[in-house]
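Here come two complexes built around chain A, the first alongside chain B, the second alongside chain C.
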Partner chain A sequence: MSADPIYLLQLTLNGVTLGLLYALIAVGLALIFGVLEIINFAHGELLMVGAYAMAFALPAFGLLYWPALVVAVLASAIAGWVLYELFLSKLKLGELERSILITLALSIIILHVVQLLFTASPRIVDTQFGFEGVEIGAIRITWTRVIGAGSAAVAFALLFLVLKFTQFGRAMRAIAQNREAALMVGIRPKTVARNAVVLATALCGLAGAALAPVHLVQPGMGQFLIFKAFALVIIGGLGNIPGAIAAAILLGLVESWVGGFFQIVWQEAAVFVLMMGVLFLRPDGLFKRGAMRVG
Partner chain B sequence: MIVVAGAVLAGILPLVTESNYFIGIGVSACIFTVAAVALNLVYGFTGLLSFAQLGFWGIGGYATSLTVMTFGGNFWMGLVWAAVINAAVALAVGYPTLRTNRHAFVIVTLAFALLVTLIARDWVDLTRGPLGIPGLPAPSLFGFAFRTTASFYYIAWAFAVLAIGFLYALCSSRIGRTLIAIKQNEPLVRAQGISPMPYKLAAFAIGAAVTGMAGGIYAFHLKIIDPLFLDFYYMQAFLIMVIIGGAGSFWGVVAAGIVMSALPEVLRFSNELRMIIYGVILLVAMLAMPDGVAGWMRERKLMRMRAALR
Partner chain C sequence: MDARAEADADAGGTAVSAVLEVRDLHKAYAGVRAVDGVSFDVQAGSITGLIGPNGSGKSTTIDGISGFQPLDSGTVRLGGADITGMASHRIARAGLMRTFQTVRVYERLSLRENLMIAAQQFDAAGWIDELLRTKRYRGAIAAGEARARELTRMIGLMKYWEAPTGILSYGQKKLVALAAALMPKPRIVVLDEPVAGVNPTRIREVEEVLQTLNAAGETFLIVEHNVEFITTLCHHVIVLDQGRKLSEGSAEAIHADARVLEAYLGVAPELEEAEA
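Take a look at the complex of A and B:
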């Protein structure tokens, strides 16, 4: 296939919109890892909960997009809060294997409970925008994708401001960078950890809600996305938020380009090839700069 | 003593019952227990939480099946190939991954397992994709074909006895003690002039080879291989066996392997409910007794000794 510039541009735009949604998931993982030093295996299932909340809220609001989005984000954030209070708060620092196995067990339970309640069959989610889109010349993108990518970009801007300028966010960075010093100046690790989990799961719910009209909604949807997000936080450097965003957009682009020119197998394999390559060359990830930083 | 008696008792299972159903459970129990013990070598002894075992299980199954069905070899050659390919893949994946930290190791091994699933599903020319390869023939040795479930049980049993014996010898040798030392205090091991890397790589590769052979035998027990062979259910089952038995406790994991293979057959629920129950078992075990039943018993013994001293 010849490299038609319009086709290439279309692939690039698709890649960026996809990458921004990947970034929402990866940033949540990076945030939780930075503050709690836990790899949250249940993150994908929280995303799926957000997508299901969107799928059920949309008909209830007469297909209105924004109220349903708010409901989905709240649903995921509440689920994250409950998981933190019940399970994650019981973990001590340095219990890596235990944290992994607990979140893995939670992910399996949530996945199969949803499958038992709503069956494994995929749902198609319709919104007020339907399949309408914006057209710029010969390039066409559906509104749901544009809004999804737009909300992700706005969410990152807000996250940056929160982490940089509010006490709420500064406390998170302090804990991630130097736990003892943060304790000495009177920051409560449990409160900050809870805030970080709720914030991360809210972002994850936003990703789920934004993906619901673009993808099919099914119980297993979180699993494949979460594997990609894991690879992204590895590529970006564990706990590094800008690194995760950069890696996510990079992956979105690579997947979109590879998918446009090669067989679908290569699109799926791209993320693993990328990850193994990065690990060979730079075992700490591309953007390793110490603990969680934003600017 | 108990172990030898147990192994002999397990060996006469086909003489006790005629039921193919029970013997089938026995075959699964032998194979799953070996896979769990191999995971115990990697996770329990060396302290590397590896999800790659699922990938090795699948590669083993496919390598053995393809040797027989596509490349015209026999079952035994297939098992050798399964072990050799897995050991080579484990070295290739293990070397860059073990240089990183423990977090990255977990994630990369998980990604590897998923990659194997994708290859099994999407490399249709080799693996025949989602359709899988049905009709795997019964293995034969010196003209005797292991056609019935009862005769196949002896393959699984012999394999289990050999593999568990080999792994026990390994775990209780100087190498095994070095692995435990690496898990408990790696800087101290380095200070003693021992490089941990070759030991970790060796444990990872040996675990992979044994898991691969177990996968190969299990595929021929099912008589079909398809991408469902890489279902996360298997990884979860191995993990639960290791955790309930107590990571790092050799015979605890063997016992848990046998019990936990039989249990899902007794509790015949729908697939979803079974996975939920497994998840809850894993969650409760991690919250209540992180060292497994063996660890819990060790704790109680210590408590009693302390009480006696008082």
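Take a look at the complex of A and C:
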């Protein structure tokens, strides 16, 4: 165990970048929960779709990062749109159990289809940046992490602007805050639900694309991340979007510090220990609950 | 074609003085007939009251009319067009707006935002207009803001224009819900117990607001327990009892109707005093 400040700072930066990517997944889950009042268990597989799209698009674009990222985000958003039109739009309000079974089944089906098509072998994804990175003194962080974290931060800023200042976003917040009042003023529930799913899955695709060059790409990667994302949504205060982002960054930091200072096996357990601790001390999460609270 | 245009086309341009026509509504819950053959009209430009003791079927009737509860049978026509069984948001778009007994406003949004959400669901500008800030979008926003300001002035809450509605009193929130319902210039607004839970000193203010709005041409159907409020305000009153229409007529006629007094268990005057 080392208390070297450079090492601590390095771990902290790694933690924040990882946390921002976790936040993309958690925010997508919170958006879908807020508008459709369902838990999307297939969310992790949409992330995996984004990661695979990135893995295949990169060689097609001569390893150029940005065009491949756009393709991956679009692939996940389209997958989300299909998921909504074929399955989620058929659910009635309050059918939580049915939604769990349907999204869980879809999650398993997508996972195994991808495994059948591309095998379960993990893939290393290379980009134009390779393992190059930015160095500040003795601290080094790879460009793929910096760009991934930066893209997540930009995505959150855009999401905030959309939710706060556009009709598209206000309708989503209105349905999440008070469904009957929203229906009363003529807000179209299915249009808003479809928009929420597409937006959430686009964010999820961005997370998958950004994680692809940082982690190994494999069919099970989404399932591994989705349970962490559930924990984050709960720790952040169900429905509280800034809360989920803050909880995700906190988790990224905890994971990074635990991995750096303790035996690596504790890294994965840390998030769930943290979740249980938070739920015992503050049953509603660290931040105030709220139907799509954006500030 | 939007729901209102559809309703207009369906009406075939016929002149109808009854903006809302309700015919033979039926709704039962587990064998209990909550609404049993209720029919009535609401004339354009009127304030019509719908009263009755607890369990008389008032709430079920308006939930059925506004699409928040499926009906077993019966028809509802708005401006001559059949809106029976339509989803609640489509009924709103066709021109029937409503408020709820327990106030429903977006507490974390400002008064202005609460009203603009209502306005923007009806303007023609789409998300591409919004993204590009086209002339059409800017025009729709300007018109919505002007309407929102006009209504906020009418309900006397202009000083709370940018304040989150969560800080307002219960009665003030009810006025915000009323203004939100009026934003798209609906054909009729159905008010579910607009003064229930409102401080008695504020009830007079609500009356004045509704009278001002009615003088400006708005049509209201009001469900209310407060008999004095209804008889002061309404041109026409419909009385329900045990899911059936018991009586209807002018406020004076209803006040003098022995069947109505009996429906209120013979304690109507006391009830009025207690609720006023």
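Here, the second predicted complex is superposed on the first by the 293 of 295 C-alpha atoms of A that agree within 3 Å, B and C clash if a C-alpha of one lies under 4 Å from a C-alpha of the other, contacts with A are read in each partner's own complex, and residues count from 1 in each chain.
In this text, contacts are C-beta pairs under 8 Å (C-beta built on N, C-alpha and C of every residue); 3 or more make two chains touch, one makes a residue touch a chain.
Note that the structure is a prediction, hence the values are computed from the model and not measured.
Judged by the touch definition given at the top, the superposed model places A:K90 against chain B, while chain C stays out of reach.
Within the superposed three-chain model, A:Q167 lies in touch with chain C and out of touch with chain B [touch as defined at top].
Between chain B and chain C, B contacts the larger number of chain A residues. Of the two partner chains placed by the overlay, neither chain B nor chain C lies in contact with A:V154.
By the touch criterion defined above, A:I136 lies against neither chain B nor chain C after alignment on the C-alpha atoms of chain A.
Residue contacts after overlaying the shared chain place A:M275 against chain B, while chain C stays out of touching range. Shared contact residues of chain A, touching chain B in one structure and chain C in the other, are absent.
Note for the complex: chain A touches chain C at residues 166-168, 170-171, 173-174, 177-178, 180-189, 290, 293. If you check the complex, the residues on chain A that touch chain B are 33, 39, 87, 90, 96-98, 100-102, 104-106, 108-109, 111-113, 115-116, 224, 227, 230-231, 233-234, 238, 264-265, 268-269, 271-272, 275-276, 279-280, 283-284.
Interface residues of chain C facing chain A in the complex, by the touch rule stated above, are 3, 66, 68, 87-90, 92-93, 97-100, 104-109, 113, 116-118, 120-122, 125, 127, 130-131, 177, 180-181, 183-184.
On the chain B side of its complex with chain A, the touching residues are 43, 49, 96-97, 99-104, 106-108, 110-112, 114-115, 118-119, 122-123, 232, 236, 239, 243, 270, 272-273, 275-276, 278-280, 282-283, 286-287, 290.
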